[in-house]
Amino acid sequence: MSDPVSATPPVFAPWDDPSETPLIHFQNVTKRFGDFTAIDDLTIDIYEKEFFALLGPSGCGKTTLMRMLAGFETPSEGVINLAGKNIVSVPPNKRPVNMMFQSYALFPHLTVAQNIAFGLERSKMPKDKVGARVDEMLKLVQLEKFGGRKPHQISGGQRQRVALARSLAKAPKLLLLDEPLGALDKKLRTETQFELMEIQESTGTTFVIVTHDQEEAMTVASRIAVMDHGRMVQVDTPDRIYETPNSAYVADFIGDVNLIEGNAASHHKDGKIEIHWREGEPPVVGTPMVPIEDGTRCTFAIRPEKVHISKEHPEGKANILHGKILDIAYLGNISTYHVELPNGHVVKAQRSNSLRIERRKFTWEDEVWLWWTDTAGVVLTA
Amino acid sequence: MRPGRTLLILVPYLWLLALFLVPFGIVFKISLSDTALAIPPYLPTLDLSAGWSGFMEFLSELDFENYVFLTEDDLYLKAYLSSLSIALFSTVLTLLVGFPIAYGMANAPEHWRPALMMLVILPFWTSFLIRVYAWMGILANEGFLNQFLLWTGIIAEPLQIMNTNKAVYIGIVYTYLPFMVLPIYATLEKLDGSLLEAAEDLGCGRTEAFWRVTFPLSRPGMVAGSFLVFIPALGEFVIPSLLGGSSTLMIGKVLWEEFFSNRDWPVASAVAVVLLLILIIPIVLFQRNQQKQQEAEQ
Amino acid sequence: MRKFTWFNAVSLTLGFAFLYIPMLILIIFSFNSSKLVTVWAGFSTKWYVELLQNEAFLDAAWVTIKVAVASSTAATVLGTMAAYVLVRGGRFAGRTLFSGMIYAPLVMPEVITGLSLLLLFIAIGLDRGVFTIVLAHTTFSMCYVSVVVSSRLVSFDRSVEEAALDLGCTPFEAFRLVTLPIIFPAVISGWLLAFTLSLDDLVIASFTAGPSSTTLPIKIFSSVRLGVSPEINALSTIMIAIVAIGVIAASLVSKQAIARRNREKKEAIQA
């Protein structure tokens, strides 16, 4: 464990280091099933010791991508390198890659210990070493007492851990996890996410996880790849995916967002632009990351928690809107206010409920002011 | 392709080709040949040593004479028609007997159902021949049924059932009953009980709810069961030959006699080919029904 | 809720009476001392004694058992292979023909199957006997085995096999170590089905048997054609008893296994 006080540990960011060679390299990979293109000319690098998340709606190609890594699907075109070697024609049983299946795929006729030993026995490891390794893995996932049980004799959470131990037992270079927590209930899922991260760190294995749960991806991953229709939309760290999405698709897919579409106009000297979006509303002022030409169609995206709400007219703010509260979603820790502007557009604003029994400042039908700074949102052209 | 996979496919494939498809080719070929007093009792036989011309000569001697013969002698037409009517009538009877049993099983308390299931399946595992034979002692003129009916005074003269079509109907219903009960039970068992509650909630009486909900929803099971009885009943041999009389005409029996008693192999083969052509219709319909059901379940 | 009405009770009673009374009569009258099978003349086991001294029946029984064991074993191997090809084989040339040949024998009238196999054996000059019956029975019962096994293969999670490959198995090892143990109950029931089908078959055996290879059904058929006989009643009783004991024992064993499994599952959830 690192001591947070003494020094900041070196940042783990091999993707920013040009001297690093990636563990996995997809080069222009395409996969077609008949007429359907599951993966469309995809190029991506994954580095050693990464916890890499593939995120996207069902049918986006994330599972196909993972099954190509495991060897269950062969790309129609392109090259997949693992540690510098093209593995496209290597069968699954000859790859230094293991997979944890969504259904866990535990062998129902074998005990927990036999399940974990299964891969080791295939690799011709001596008997006594197999036993020691199985014990080690059982300890890692805290199932020492359950080695003699059959899969149907343990709970769902325990089965999930057996599946993890089995896939880690051969110490693969790369572990693939297909919706590993999908079958667990929410509370257990959150706990297990942290366990997964700890195990990933302590074993030093590279993890590639497929999930459709954005919260899960944000929690566990070092980098997230957001996929749509067989393409990578954005590959970045969780904070950058959230704060600086590169497209309206990513902004909308991850978390809650207000999207305002309009035309860019009148450049300020400091690089800020105004977006004219609706007659009768003041233009939105934002800071684009790259210069944008006048008249470009663009989308302004701002997270609800960055939109402030007040009863009085705020002074000197870059963006101020006026509207009426349409709806309030009380979530306990926070409340989300849906504010309708005079032109009918609805903007969401969030406030944390930091006092226990706060006197409700706002209620339905209240006239309120919304405001945010000129750097609170992002200007997107895609 | 991996050699292991090729071997895995080839072994059962070749087996079925050699012992299922090729024999049919032979049946078809012989149905086009002429009867002869020879061993084997048909002409021509293919002489491969004569090469291509021998093959052409062989082909030129094949004709549809035997099929023409089937239409000329009305014994065959009668046999096909009577097979169809016996199979159809027994199927309807089996449905009438089988539905109440399946319905009773589906309504029975849950812990009874496995035992009831076993009671329906058990006869299926016992010898078909023995089950048919069991009725011979019951249906005979001095048999148990007549003894019982005479004793109760319902009849004064013994009924002639044995060696008539009635005995064949009873035999078919008895032996094929499990094929009818099981598919109907399967659909009734899956039926959501709350559908009936909904029907009653919306103002149906119990009987009306049965006719408007349970009965239409069990249709796929009834259709499947009917085909499972009708198809084998059509080609049945054992039941008509043990329980039926000399007037009972069924095509399976005709084929058997044509082959074993008359030793007319070409005609027997033609009878078989025509029976197969007749069977294709219900088999295709049955497959469609099964497919539709599978799609509906998905 | 479903309600068990008096109508249901009556139809079940009548239905099961219809199914079982004929067999009960058969069993009761196998202990009849009279030669007249429909008149009760006192209890006796003499027909069983006579049956056991009847060489022809014993020979036929022996032939039948040999044929059934050989054909059901061959049918189980071939049928399991065929099921695996159908469910997991992917695409290959002639797949439609293959699945057609698997399902067609199930609906084929026995007279046609028997006739066609006989004509084949004659055409290739194969002498008819035990061997030809085994070939014939293997062919039609492998299709039943393949239906039973493939329904099990379809219902089990494919990723279990993929996990075996992922952990280093060759495809054959994956089949031997994972697939086969999981589908084994279905393979066993396939074997039992093939065994009973072979034991039962009259028509196909009649076509494909030679003069020295009379099976029990052929023997029974030729003697019951002449009428009911107490010896056949005794034989039937023995056969019914064997089947009933077998089926009831099998269902009790599987019932216990299911109960144990459910109990263990419950404990797993509580733990």
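Just so it is clear, A, B and C label the chains in written order, and each chain counts residues from 1 on its own.
Everything that follows uses one rule, which is that a residue touches a chain if its C-beta (ideal position, glycine included) is under 8 Å from a C-beta of that chain, and two chains touch if they have at least 3 such contacts.
Note that the structure is predicted; figures quoted are calculated from it, not measured.
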- Item | Co-neighbours of chain C and chain A - touch as defined | none
- Min distance from chain CA centroid to global CA centroid: chain C
- Message: With centres defined as the mean C-alpha position, give me the chain A-chain C separation in Å.
- Response: 55
- Determine the centre-to-centre distance between chain A and chain B, using the mean Cα coordinates as centres, and give it in whole Å. 60
- Rounded Å distance between chain B and chain C, as computed from the means of their C-alpha atoms: 18
- The answer for chain A against chain C in the complex is residues 70-72, 91-94, 97-99, 101-103, 105-109, 118-119, 122-123, 149-150, 152-155, 158, 166-167, 170
- Task: Spell out the part of chain C that touches chain B in their complex, as residue ranges.
- Result: 1-5, 7-9, 11-12, 15-16, 18-20, 22-23, 25-26, 29, 37-38, 78-79, 81-82, 84-85, 89, 92, 94, 98, 101-102, 104-105, 107-112, 115-117, 119-120, 122-123, 135-136, 138-139, 142, 146, 171-172, 196, 199-200, 202-203, 217, 220-221, 224-225, 227-228, 232, 236, 239-240, 243-244, 246-248, 251, 255
- Query: Contact residues on chain B for chain C in the complex?
  - Reply: 2, 4-5, 8-9, 11-13, 15-17, 19-24, 26-27, 30, 40, 97, 100-101, 103-109, 114, 116, 118-123, 125-131, 133-138, 140, 142-144, 147, 174, 177, 181, 193, 196-197, 231-232, 234-238, 241-242, 252, 255-256, 259, 265, 268-269, 272, 275-276, 279, 283, 286
- Message: Taking the touch rule as given, give the residues of chain C at its contact with chain A in the complex, in rising order.
- Response: 157, 159-160, 162-170, 173, 177-178, 181-182, 261, 264-265, 267-269, 271
